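Across the two complexes that follow, chain A remains constant while its partner is chain B and subsequently chain C.
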Partner chain A sequence: MKLTTGLMATAVAGLMALPAVAEDKMKIGFVYPSPIADVGWSAELNAGRAAIEEHFGDKVETLFVENVPEGPDAARIMNQMAAQGADMIMLGSFGYMNDGIKLAQQRPEMTFIHASGYKLAPNFSNFQSRNYESSYLVGMAAGDVTESNVVGIVAAYAIPEVIGMINGFALGLQEVNPDVTIKVVWLNSWFDPPKAQDSARALMAQQADVIYSLYQDTPSVVTVAEEEGVWVINTSSDMKAYAPNWLLASQIADWSSFFIESVQASMDGTFEGTAFWGGMADGTVDVKSWSDKISEGAMARITEAADAMKAGSFHPLTGPVVDQDGTERLAEGETIADPDLLGIDWLVAGVETRLPN
Partner chain B sequence: MARLVLVPRETATLLAPLQVAVLALVMTLLGGAVLFVIYGVSPLDGLHAVFVEPLLTRYGIGEVLLKMAPLLLIAQGLAIGFRAQVWNIGAEGQLILGAIAASVLAIRFDGTDSQLLLPAMVVAGMLAGMAWAAIAAWLRTQFNANEILVTFMLTSVALQLLYFLVTGPLKDPMGFNFPQSISFAPNAVFPIILEGTRANASLYIGLAVTLVAVVFVRYSFASYKLSVGGLAPGASFYAGFSSKRAIWVALLVSGGAAGLAGVGEVAGPLGQLQRNISPGYGYAGIIVAVLGGLNPIGILFASAIMALVYVGGDFALLSVGVPDAVTGILQGILLISYLACSLLLTMRLRLVREAPG
Partner chain C sequence: MDVLIFMVSGTLAAATALIFAAMGELVAEKSGMLNLGIEGMMATGAAMGFVAATVSGSYTVGFIAAALLGCVLSLIFALLTLVFRANQTASGLAIGILGLGLSSAIGKKYESMTLPGVPDLPLGPLAQIPVIGPMFFQLDVMVYLSMLLIPVTWYVLNRTRLGLTIRAVGESPVNAHALGLRVLWIRAGCVAFGGAMAGIGGAYMSTAYTPLWAEGMIAGRGWIVVALTVFGTWMVPRVAFGAYLFGSISLLELSIQALGVNVPSQLMSALPYLVTIFMLALISRNTLFIRLNSPASLGATFRL
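Right, the complex of A and B next:
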């Protein structure tokens, strides 16, 4: 009995939903963790929103809220979007995960895509980038240009994605220059320009002549490096304009194709909660604005490695890899599995700073 | 000729605080209207979104009550100290300590079905908030260290302690190394008091504290001693009232109340310990205490209005599309209007007619 009424209800709901979908535009909400600026993580996600609008035109309507803290207030923003008739919500930071999952369970008719994180539901996907691939490439460049053999990283949070990127960076660096010391400053914030700049200066004071600005949502570190004449690498957008002389390279991510696919799947009713991993191979991850000061030999090796990643024949986290304590984490020829990458909690040997725990 | 002049009030009236509050509110509405015009939004739509829309739905009312709970608690505690001229600026840190202590119990005793868990968390949170404030009280009474600086700086220490705990000892072992604790069991969270919303029973604690504060302020000799110590330290000393005791009472009460607010957050909307547990309630509580005229009943209304502005600001983000800074600006206008108008507490306007010539 219960089953049939359930089926009936689903059928009725389905019938009622059909004309609504045909008539209305699909409404898609975006929640960003930091202010949308010209560059940075939120700007990149917002570019994905623009791509959706361009691709679907009149069929979609988008709305967004920027600078939403990852605390109890995020739930209100999501609920408000749902109350305003959003059919799909993009959640731009891992801290929105639990509230997002709760809402997804309350609203099975909606779909959700969530940046990083690990929980899934039939209507709740998450998306990750294989940024450690591009990190490996920029690491090679850093190994080429450093003279002091000290490289500094200003890192946002010690979450698995960031740890994976530091490891990729370090391995790329050691591939070119095995004698480099890597120092890390943990910011514990996605958006704290003054602290990011102070940290960069602190690293420079410790002889670092290449600074890796890992997930600062602003050009804060990049501008300091240009001022001080120190090499800088950044993530999330091309920041060449902010350091025309000293930008070594910019890691970028392009979410357009994943966003468009997810919207299409929601429209077609084929959406499934899956974990999407975008990398060099599908164009989600790339490096832009290589400096022309990188030596020719190094650049050739970088291009070779990039091509191998695109072809799927090379994984940056391939053994032998030893962690800071000297424990072998990956045996000769072994590559790290995605689930292990999702929960990675060790740094490779050669990184001087410990994880904050 | 007639002109308005300010003359001192001969007698204190009950009307004066009311006049001030109404005038400040009217000025805030006018200021808000100007703000919306600047953003190209119809002022009526904007004010409707902030001040009316949240009250139109059950969910909205629940959100206002949810926000009100910590603000009310913190402000009631702070007001008692402020009356004695003891300035606890670090309620944010005491809130964090309360949240941590409650979480330790929730995590340690996860899996018990004892109904005493939540009450124990409440007591632990309160004691932890008191203990954190006690550091400032001890330094002040022992070494005359300024409690404004000490409480404020201890907030930074509390934050670092929180970061350490969520990335280390209190981290969810199954959480892929993300910096958050396990989700609390149902017997470790406050019950919902309004079906279909997030408003929970921690509000009752705020109301109970309000009741106690009313009785304390109106009828207790201890409160009288505190106020005299604040207004006229010399007289207080002559009367033999201990100023040290006043400092201890003020800081322990406000610290305990802030600790309770922290319990309300982790055992309420969050349901776990994570990095972001308060969007600055500790600081907003100072505004609420001042807005409420340091009067327990006034604070009750002030916390409701501040909560409304918070939630309404979020609503306005989506319904009329203004930036998130609007919430902060509106709160600022409210506070400044109130401070400006509070002149009328001791003075009154009088229309003076002058004989021509």
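Right, the complex of A and C next:
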């Protein structure tokens, strides 16, 4: 893996060493944590890159390096991009944060946008999505279609973003169907498709008839669900093609508007280091490929909830919310604050599996 | 009952890739060749097997292509260590890294694509038996071949002239050479077999077990194979036992989590490794026995 990254880095360095055709072209570098495939996290970020190219045309030049491990390799690649004249860098993974911030301080003339994370600088923004909003909607659909009243979740690591999504999902589910048991299998691994598939099978063996595949970048869970005839919900990108019959819905994120705004701000010199939270309201977060097997009544309620979120009148994590221990986390009418969401470490009542601690 | 069926049939499938690669590695190590490149050879096999099966539409072609490429990689290892007398540990690691890079190059265009998966072997009435059928008789042909490979490997190593030759070369290459055995060719042959089996094991992961290709999908299973061989003290039944144990505990971990039992999941994720090492260390705690079974020249460069 390191070898290919090295090779690609060399290739990119070679590209960048070419004499600049027009000096006023803005150079934007992208660093992706995984290989760009048709689907998955890096594919979504790469769609944002394509949107920049389409929007700005000749005014920008983009470069990217995919499958960059967090740590020294990432630092080397972003430094190389900077050395070769990149004006802006998009960092696609949480673990790039510290190296990115360091580079941002050394190069105040450059701008950076970083996926997730919490550190900011005047020329270093981060961006995250309110995925718990779309999680709530797909949760409602899961509550509608389940017959066994057991729903399983395959999740990578118990980080705040994932916990927030499970909570949103569970609350949406309980809104439609209060009797559902929610089981979670933590993989404790970012990438292990065979293990993700085994987890889905383990959940199915325990009567789960809807599987929520949380941040599995490959279609591993989706294909096994299609094979076994079990409903599946996917995160990150649309996987309808992999499960034409049994995909209940896909949660997607569309970064193009944020990326384009950030590039424009860098060009105009108005870039400010801010934390961007994209949600249903600005179109960053959405749900695609709803199955037509969801009942009309449920679909109407889902649309209603989605419209309320878009209008800003409804927050999925609104009290009363009780956690697994029975402690009240949000009082009647209270909504969770963004900083609390960044550090969320509790699951709502009704989720059977505990958080790893 | 569903959980039990899942556990039994799942274990047989989960252990298949490990069995193929571990039997290959066992034979190579018995001849004195420590091949640490298994992870890379499995990854290359997975990529090659997937691509070949997708392009040709035949799983057989996929497995053959994967075995051939595994063979080629392991022969590079043999060339480095036997002809140029490079250090086995370093060469093995280097070939492993080469294999990982090669797998990503081969599979680049096929990233995240899927296959229908090798179909189950039609076993007719056997598959219809309640409980037992779904546990043992609704699996693909490679699972049964891996089961067959265990006794065959044992028989060849322990009951045939070829096995005796391999063991003699691994025990004392100098004496074997003095007896007129062609040490280099025998070692190269064993390494090539190991590479082919690792390739098949990898291809099983990408075309049957998780029928998709994604870079990095072998996720450390090649290292498990190396560990199984050592902790199983180079004995076929113990290595096979270790592979099934590892497979079953890794599924048990997920089932326990899904049951909602309140145990830290990080500990659960470490469980397959802990239990397998503990069990194998326990049954192999006789040091005299270990010395008798471990190939004395393992990892040493053969010089005349």
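Operating definition for what follows: the second predicted complex is superposed on the first by the 333 of 357 C-alpha atoms of A that agree within 3 Å, B and C clash if a C-alpha of one lies under 4 Å from a C-alpha of the other, contacts with A are read in each partner's own complex, and residues count from 1 in each chain.
Convention: contacts are C-beta pairs under 8 Å (C-beta built on N, C-alpha and C of every residue); 3 or more make two chains touch, one makes a residue touch a chain.
These numbers were taken from a predicted model, which means no experiment stands behind them.
A.B. asks: Taking chain A as the common reference, can chain B and chain C both be placed on it without clashing, or not? Answer clash or fit.
C.D. replies: Superposition result for chain B and chain C: clash.
A.B. asks: For A:G40, is the partner it touches chain B (first), chain C (second), both, or none of the two (neither)?
C.D. replies: Only chain C; A:G40 stays clear of chain B.
A.B. asks: Quick check on the superposed pair: does A:N67 touch chain B, chain C, both, or neither? Answer first, second, both or neither.
C.D. replies: both
A.B. asks: For A:V184, is the partner it touches chain B (first), chain C (second), both, or none of the two (neither)?
C.D. replies: A:V184 sits against chain C, while chain B stays out of touch.
A.B. asks: Have a look at where A:G117 lands relative to chain B and chain C in the superposition and call it first, second, both or neither.
C.D. replies: first
A.B. asks: Who does A:Q84 touch here: chain B (first), chain C (second), both, or neither?
C.D. replies: Touch partner of A:Q84: chain B, not chain C.
A.B. asks: Touch test for A:D192: chain B only (first), chain C only (second), both, or neither?
C.D. replies: Second partner only, chain C.
A.B. asks: Return first, second, both or neither, reflecting whether A:P160 touches chain B, chain C, both chains, or no partner chain.
C.D. replies: First partner only, chain B.
A.B. asks: Between chain B (first) and chain C (second), which does A:P356 come into contact with in this model arrangement: first, second, both, or neither?
C.D. replies: After superposition on chain A, A:P356 lies in contact with both partners, chain B and chain C.
A.B. asks: When the two structures are laid over each other on chain A, which of chain B and chain C touches more residues of chain A?
C.D. replies: C
A.B. asks: Between 62-70, 224-232 or 242-250, work out which stretch of chain C sticks into chain B after superposition.
C.D. replies: 224-232
A.B. asks: Using the superposition described at the top, list the residues of chain A that contact chain B and also contact chain C.
C.D. replies: 67, 158, 188, 356-357
A.B. asks: Residues of chain A touching chain C in their complex?
C.D. replies: Residues 1-4, 7, 34-40, 67, 152, 158, 183-189, 191-195, 197-199, 201-208, 217-220, 223, 227, 242, 352-354, 356-357.
A.B. asks: Quick check on the complex: what are the chain A residues that touch chain B?
C.D. replies: 63, 65-73, 75-77, 79-81, 83-84, 94-95, 98, 117-118, 157-160, 163, 188, 342-345, 355-357
A.B. asks: Going by the contact rule set out above, which residues of chain C touch chain A in the complex?
C.D. replies: For this pair, the touching residues of chain C are 2-3, 5-6, 10, 14, 97-98, 100-101, 104-105, 108, 111-114, 117, 205, 209-212, 214-217, 219, 250-251, 254-255, 257-260, 262, 264-266, 269.
A.B. asks: Quick one: which bits of chain B touch chain A in the complex? Just the residue numbers, please.
C.D. replies: Chain B residues touching chain A: 57, 59, 63, 66, 163-164, 167-168, 171, 175-179, 183, 198, 265, 268-272, 274-279, 311, 314-315, 317-319, 323-324.
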